[in-house]
């Protein structure tokens, strides 16, 4: 069978769960293809890997697609995956009494400049009309620096956010999945050339991935178990992750919806605010060629 | 053709390739933007880069003092005393085996994300190899020379400064080279990992948003630092050449090269 | 600082005059990978201050080892050694100077700087140092070679630089391990006479190792003969020849019989 | 490979017998940091195969330099040197063996392994090597010291290991730079006799540097006397004493007058 | 050899003391135990991790990559270093260039390796090789310079071929410097491979460690670090053992 190499931006991130489910439920097999999952250090790295020809279909931030076009990497968003930042939260220590407005002039930890967490921090500043210092501390430094009091708040991703809120160490002061207006933040992406050469493979891949999502929605217990195992987290956190991210994802992957260009543009605008230059119009990177036909499980 | 001109040709060749390959589309701009667009990117944000360079240079300078100065001195001390050498050296090289890069984000908790943590990281990163290399080099010194110095009543510090370090000059210099280079790498890497200032910070920020010309403008600056550091070492080597007369490194090439390279006829 | 009542005692104790050497039942055992080597066995020896003592003995009998111990560069396995009345657990250039069997010059220093080295260690000023080094180099016939590095000197020249370095320190006890081995006979004679002149003028104690029996008798007040495996003292001769010594004495009977007596020892044990 | 017509010529050309040494108008100038040093100036010298030639001269007259050039370890600044009829641009152990003035043993090898070193380079089998090294060590009186490392040996022992290393190679020409300098008189004599025995048995050409004039006359067929600054040959004496030499000859008139003649040269130039 | 025993005891004591301090810092809360789980907890976690088949497989993968990269980088680097030290011309041409390459953080080139090798074994090995070779070259160059001229002269006088000179004179006299270099190189090599795994991979221990770090799983993270350090230390000791066998002639 033909092999599709799927690039995923981190291990404990919902796309990994979906792809892993597709593998375990043999959905790729049912489509007559084989899948090879590779996990990268982050979104930019995943995108580079696709550009380097080391990954065929990836899940990534849509803004990267637009930025890539100006750098000689022609790809498109093939399927709409997430309309928001599910599980992302602005958090402070539980014992802290700070609210969002109080962060004016304070320090907020982000993973790295230009990353998703940076975008959310910038958006917070704009939306709440406050100014704070964004402190890049890396993924591994987020919670330690928060606990140590080096920063006043941190933009935390899931399931880390659920974990530290459950453990009572931190509390949420802003839930980005609720506050940020819906925008096409993440999608399944492939190079134009790959789409052109192997459209059937792309189609089958999307079928399996969305089939897997459907399976997860339908099988809570199995899914929670999978998350528990993959992420090495307690089942109750896994359940939170399931409820708050998996269940929020777009189920059809449709790119031809009337609001799509607008929602994609919104995502690009947020990226611009985060420092990205040279972004083309949203219409450039939309591909409506595929519509997932969910693989039966 | 003289060696310098061959080297120049290689450099020119590399520069030409850097310009041509991306322009012709052999390498996507994402991986390697052309030299001209890199320079343009750097020029456009000259202020930002200058500020970053200042931060990085400051960190490099301080780390260099710790890593190279401390590394050479401690390496010389440990290398010349048999007991500490046997006891400490294995511990030290084992210590270096702890992958600090991985723990670095956690260390920022105690060191903060400012310059201190970079200096600490780069100092350790450059210190241990310098120290280990120096200590190892010390062992190749003719023990008779140390005996002679002792007989003349040289104190430990006198032995260190007047015998051990001059006798180990080639080793010390290369310790300096390795240590210095590692300090540069250490500072930039730690800035790339976690920071809000410096060249490493710019590199990783621009990289996250796929702005490769700006990434490589940063890389160019790192290279410039390496060039400057190399020049400094060359200068020290020139100063030290006078010490080296009569040792291996000071011999003219013709005297030694034939032995090793030409087939014995 | 508190025990001031104890201090006067030091003044009461009779001080050995500077330059006396006492070696008492000294043994030295080297541990090697294969077996233990008894380099010296129960060696005792008294050198009065200001004497010129020559040590002879076949190769490997422990002469260098004995010298290293007197210099505090190696600790004996058993027995005691005192120099000017005190043990010497560490080299002390104020009490003892050494000229090594192998020249051991610092290759990165010029001849001049090598000679200055021990003075520099004591923080003597540049000018003083230079002047004394020049003088010492002149003494060993290396006037004008001061700026050369060791690798630019011949074997004999290196040895002479090393002698100059020993002399420039001016310690009360001077230990010299085959200092003239690499020198031609003429230079050797001149250097021997120079050494005697300095010795007479300064009243140093000199312990001198040589393989030349003629040289031994010509220079010495006393000759100590050693034999190997294990290193022992087999004879201790007084040389009754008057000073200053002359080359004519070399053909005299007294000289001949002393030389013969030593020769027989060496012959037996080598 | 193609020009087979040329090959017979080599057979026609008259071959110098193995062991001949020809030194023609040789000069050596060292460039130092301060000035140029003329170490040798227009030296010419012919050594017939199988002769025992001794080189004497004051310290720094260029003896070692001349030897290094004969060994192909250093190229002359002017003039030509041929060994067995061919120039020697590179050291060639099949033609020339060297015993260095400084022992320069490899510290990481045992005495035995140091002696075996040249044999190992030629790929001689372990057993053969060991046997020949043992023999050579026995010759220099170091039986039983084979397993020691150089730092565990005395100065004289190191020098003897170095002599053994030179002997074990068995080249037609043997160059020896003050090989006996660190030895006591008895050992020196025995070693000298051993050397003469080997020389007589193998018909080697030997060039031997020494500072002992007695040794020079005792050993040599011919003595070459050099003077320094610049290094020149000032005399070339034939030693007409019959062989085998005996110690009685040392007190003979012929011996005395030869020794005196050399002594006067040395005296003048040192 | 009783002093050898004493040294070993002292070393063990130091290691035990370090672990004790770690345990105390964490237990008494001088350092937040969430940030620095105690030594005993970490070791227990390490035990758990080693029970897992997946972790053992990751370790095996990483080990294979590390060993391969090392086996390639050391001989090639040593050869280049040797040429540089022995040949002025080559040195003049290459030394500054190599030095510049050495001074650049290697991780910048990670994408290039993916471009050339894709993601997989050869990419990890390639990057491990790349991270290691420069330090090997530079250390070899230094080591060569510490060889004594007299020893080379002796070898020359016996007509030693370049190979013989290399193996019989250079190698033994450079050994202490070279072995030290070997140790440091190994650490660079290990770090290189792990960085490559953290950057992109399907398996390998570096990949696991990255995930533990990002998810604030401190016990696992520390256990992983201890695991890697233990591997590096084991290698260190191996080199030391070789060293002890080879350089007993040094006093």
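To keep things simple, chains are lettered A, B, C, D and E as they appear, and every chain counts its residues starting from 1.
Rule of thumb we're sticking to: a residue touches a chain if its C-beta (ideal position, glycine included) is under 8 Å from a C-beta of that chain, and two chains touch if they have at least 3 such contacts.
Just so we're on the same page, UniProt names per chain: B, E = ABC transporter permease; C, D = ABC transporter ATP-binding protein.
All values reported here derive from a predicted model rather than from experimental measurement.
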Intersection of the contact lists for subunit B and subunit D: C, E
Leading chain pair when contacts are tallied as C-beta pairs: B-E
Euclidean distance of C-alpha centroids - subunit A vs subunit D, Å: 83
Rounded Å distance, subunit D centre to subunit E centre (Cα mean): 49
Interchain centroid distance [CA atoms averaged], subunit B/subunit E, Å: 17
Cα-centroid distance, subunit A relative to subunit E, in whole angstrom: 36
Residue list for subunit C, restricted to those that touch at least two other chains: 33, 102, 149, 151-152
Residues within subunit A bordering two or more other chains: 48, 52, 139-140, 144, 147-148
Junction residues of subunit B, two or more chains touched: 31, 102, 105-106, 109, 142-143, 245, 247, 264
Contact set on subunit E toward subunit B in their complex: 7, 10-11, 14, 35, 86-94, 96-97, 99-100, 102-108, 111-112, 115, 135, 138-139, 141-142, 144-149, 152, 155-156, 159-162, 165-166, 170, 173-174, 176-177, 179-181, 183-184, 187, 190-191, 194-195, 209-210, 213, 218, 221, 224-225, 228-229, 232-233, 235-237, 240, 250-251
Interface residues, subunit B side, partner subunit C - complex: 142, 144-145, 147-155, 158, 162-163, 166-167, 169, 242-247
Contact set on subunit E toward subunit A in their complex: 32, 34-35, 110-111, 114-115, 118-119, 198-202, 207, 210-217, 220-221
Of all residues in subunit A, those that touch subunit E in their complex: 5, 10-12, 36-41, 45, 48-49, 52-55, 139-140, 142-144, 147-148, 159-160, 163-164, 169, 231-233
Subunit C residues within the subunit D interface of the complex: 30, 32-34, 37, 56-60, 64-65, 101-102, 147-149, 152-157, 160, 177-178, 181-188, 190, 211-213, 263, 266-267, 270
